[in-house]
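The first chain written gets the first letter, and so on, giving A, B, C, D and E; residue counts start at 1 in each chain.
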């Protein structure tokens, strides 16, 4: 039924409609929702001659719902949804459908939803990449016995569940790897720090920390530093934040996951433009909706693992500015050594 | 009154306050009303003024803010806040706080969803059981407050945390439980009262209101007491009828913004939740203003010691308000679930509670007990909903989340400041 | 006292309460103390008892809970809560609330980080400017409360939202601002007082305490008033010295968990933040208990009208407590930044404020004003930190967060319930 | 009479923490009589009244109603035993109006179980009028806005409206004017005539000598003496109040100097 | 004398919303005299006192201190003008002890700017002793635990300790015993002898006739008359209080029936 709605809008919607609504989820699960995505999406919209309205729901499903209503009220023809969870995402998509607006699942699949397309990085794949990269870290590579702990993202966030699914599937099968503790850091630096402080107190012999993103990794590194262990324990990350890159350069963090927003944003906005122009593009692949079994037409991009070897990539890509990555004199030296040019 | 009274008290001139009638009475009534307003008895005036001003501002800033579509959105967004604030008013009337009202609502909606989805219970049984759970939670917290003597801030801080955990465990890692479209519960926020029924209900409501007011006046006249002139009653009924008619009419307009050859869905009629709100308002307003129980709630909030000495079982009143608050929180949670057609694993966390308490306070309820009315929840809830709805699309682009927070805070402060200045300008 | 007094008031028997000295006095003092405790004047006993019980429970459940490593972790985790709670106590003493203390702290730490990182200011200038910003924020909120008359719940709800937004905008898309390792600020929570200095400070502290107590007693004796027997003073000083020595000794143990042939770093000495806490405690305790200003804060919290009639400028007191609270929130934010070595875009949001208020209330401060002491912040903050620290590793695996929240709530409730039962059992 | 006194206290002790306020106090009040309770400031009169009313629990001693010892756990128990009290600190709900305060805890209700505001309002007006209070503009006024005397009148009216066996008035006329005081004393006499045991706490010796049948004198927490009105002069009573003894009446000299404290 | 009265009120009006409480009230108080202010319950005495003290703002009329009209915006202004008031509702901070309450707003401080608790405690003890309060166990007791009379004594002691030009006592002896009342009346006379203008609000005609030099009678919000003590009898004053007029004194009959309301 959803495809019929998109085809119908293509036939009868006046081509003059260039309005696209974009619903972002929060500011805590990843910094990307604050800077990277809005900027890139806006750029792409301008390039495609679209008028885009971008809203961030601050982690509240209710807020997102009312933002969706406001956008529909404003007359958007296509709605990009980064859901907070499948339930509220589905409600928004149902609402949009009721008002003849086409929806695209952006970055997160709405299970049971009615979106016409899905544009994303594959979260489980991200998790798998994290797991694999951690096993390659210099501190643990080739060791026969590795004690590791996991610090996961917020349990209320479905993505965190998917990342965990990914890295757990890799690490649990790794021979000699022994999971000592598994806690949530709630995507929150303070929580992660408290949690890891206790973990380390209980298990002084940790070799590797599978921590879900850079923000929490920073907390882990703080604790390791206070014990003189920073750099001797393999620490993971995600999101390619400025701090994450700093830590990679100084050797306290093994890697981060870089998901160039362009990979998603360019595709999604181009898709929206096509839909508004009355086309019904065919996607390269499909993703199976786990609840309904529907095959959702999908555009999937793959992430890059950033280690010390390719640490300059996010800056050369323009994803991060050199000023943000190298704010102090000490870091500027380090940046220069790793190929990041500061003005 | 015991038989003793007549013997003890001299009866000088029974019925010495002969009421007058007609236009003279109307004039006197109006003069008295204005004098009372000047004297600081403002009732709902500041909250209403705030609501009107804010709505006007957004209507100017935002085109389409008062479209039928957006008014409906406003109402269904305000509904969970209003319901929760109604319950909170009882707790606030006693000078207590329930920080966990939000997460209690979330927990109860999760219970409901789990019963429906995992245990295959019918929607109404799930709903009733969730409501019972809410009331039981409230009884427990009330017991801890009234009998064990733990400050309510600490009790409800603990349950605030704990219920968040329970909800998370119940909903589990997938982030939300999706309520089937077929469940009538979804209709509450997403289904519409047929037009004819809407108008019928409005007529019934206005007639009921008129009957009560006239009956009151007649009763007072029979007892030889002064009463509101019938012209005033007629005027009030007329205003109510007019407001109701405007609302019902606007809700009768088709809200679908675009139609096409394939679809011809019409969205017409007021959402069912309006009926629920009216019923809840009427019930709680009645209980607070016309029953012994309501009187005792105010008394305990005003002076606990005096109430105890008057023979009121204070602990029972205290327990009961927590039960009412949690029960209403449960209903609010279910309304929110109907709005989102699902229950989130973080349902009711975040700012839910703060906004609901803020609504009650903006409406005019005191945090120190003894002052507050159910209408405060409605007006304050609408103010909060207007602000969040009005804000939700105002600022775009990078960092929009940050700017929206800032502007939301500023608008909230302006609304409250307006309210405070109105109150102060008039008060002695 | 004016000259008039002597003429108006008869001076019967000046110095009619001749103090006794020696062991008899000690016995009398103890008896009186016990009678007062039985009469319900419990002071800090319930909070201390709660702290001891909870610590004991975790020490049993968790091996290594009382290791030097974990005690240090406990102290540095408790520090931001304690500092914030100290400031909140001023606001609570007036029966007000500051919901935004958490986000104010976050905002001020963000200001500090931005000044250091983006504007190249020195760490101490950034720190001072951030503190000034905090105080200014408090002055603004106090003005809105005291002069405009908006309820503090609404003002601080608005600023709670707005400051979250400002912090987000300041920190921007980076998610967090990382404070350079070289900044001395990092030392606060991550650097240690050299052992010799730690012991010296302890000795100075104990001597100072003893000097003040003895001086007080001598002063009272000179004025012919009864005073605490010197044996009691000696006992108190001895207990303080013993507790201090145990703590300083434990902090002197090398906490490094592993050593090897290559590295031989030692982590020894108490964290610098302990010194900060002691100074803040001493300053605020002094101000509340020994200055006119402190007396007026209690008076306004106890009976605003009586204070106004006594010539106290109530609005000035009210504004000042908000300024103190926000200033302390700023310090708390900076301590938290030192702990995390970074400032997050959501710094100070979430449960930060609720936990700090909870700490004050568990310590014994009333939310209705007029009752509370600075020690409440310390004891309550430690209780909260013990609970969160103790919980952080107790439950493992998927959904551990859910169970942890539940258990945290339950433990909090138990601590408060224990406290309430102790209070009630003894009170009349 | 061979019947029991309506209210009898035997050996009542009460202390607050280290402060002993009442020491083995005996006191009786008979039906149909006005029993005055007098004593210096801080003698313990109000504390005694609060013990009877269940606000405080006694530490030791018995409360005997109509010959039966009873424990009074709270104000509700006292009310059930037929005791009505006007407390010295009045205890009104400032946020409620006069009618609401006067009928608090005993609201009249209609058949539909809603509040019967009309009959309450009428009765409240009558009660106030009968107590000579002419300056109350409306019985729908909040009590917060009342003058001291008006508050006191409301508290008195509240307590004498109900059929009870014992009525205790703790300094009911302290804030009242000349005419109002007359009315209250009149009311006290009328209550006694109806067979109620009235206990009147007062500092005004003229009033006490005018209406009391029996006088109990508290001195530093001890009952110095309880005597018949007709057996004593005002001077003797004042002596008992200030010194604890008067001639052969009152405490022994050892007791009166060391009492209670 | 050709000098001005210490305090003079001219044409003071005050209403609360619809309720007119004071209508063009004139009143004077001279230095060295005790001026009594009497009137029925609800006549407006306390309201008048609060207007002088800056608790209420007057709607119309003038407050003249030593011949100069002043506006009193709040209690601080009144204190600066040398006005000390014991309010009928006492207004003490229940969470503070006796010493703290007595010195509230005027704490003694040491050279180091810390509170000088020792001298305050000593002075408080002396002041209470001099007012015949013997039952206060400790001046470090919270005022919440005091008896009605003890509270009143604290409030009185609090206000008369300071050098002031006008001392106003609103029913200071309402809750006091026989001996304490004597002491307070004594104090009133001593204050007047020192040149203070004392205003005494009281319902007790005996006390008023005993200590007053001049008597002002409020009747339903109007000043019925202000007369010299020696020119009137107690019966006349009572008539003025209850009816607003007595012979040629007081309001015209039209005024006295329709006054204020």
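Going forward, contacts are C-beta pairs under 8 Å (C-beta built on N, C-alpha and C of every residue); 3 or more make two chains touch, one makes a residue touch a chain.
Since we're looking at a predicted model, the values are computed, not measured.
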item	value
Touching both subunit B and subunit E (chains)	C, D
Chain whose average C-alpha position is farthest from subunit C's own	D
Farthest chain relative to subunit E (centres taken as mean CA coordinates)	A
Length of the line joining the C-alpha centres of subunit B and subunit D, rounded to whole Å	44
Subunit A and subunit E, separation of their C-alpha mean positions in angstrom	74
Distance between the centres, which are taken as Cα means, of subunit B and subunit A, whole angstrom	39
Multi-chain contact sites of subunit B, meaning residues that touch two or more partners	168, 173, 351, 398-399, 401-402, 404-405
Subunit D: positions in contact with at least two other chains	16, 18-19
Subunit A, residues touching no fewer than two other chains	27, 34-35, 155
Complete list of chain pairs which touch one another	A-B, A-C, B-C, B-D, B-E, C-D, C-E, D-E
Interface residues, subunit D side, partner subunit E - complex	16, 18-19, 39-43, 45-47, 88-89, 133-137, 145-150, 153, 171, 174-181, 203, 205, 220, 238, 241-242, 261
Contacting residues of subunit C [partner subunit D, same complex]	32, 35-36, 38-41, 428
Contact footprint of subunit C on subunit E as seen in their complex	53, 55, 74-76, 79, 85, 87, 91-96, 100-101, 104-109, 113-115, 118-119, 121-123, 125-127, 129-130, 160-163, 187, 190-191, 194
For the subunit C and subunit E complex, residues of the former touching the latter	1-5, 7-14, 16-17, 219-220, 222-225, 290-292, 295-296, 298-299, 301-303, 305-313, 370-371
Residues of subunit B defined as touching subunit A within the complex	64, 67, 69-70, 73, 77, 80, 168, 173-179, 181, 256-263, 265, 267, 336, 339-347, 350-352, 388-389, 392-393, 396-402, 404-405
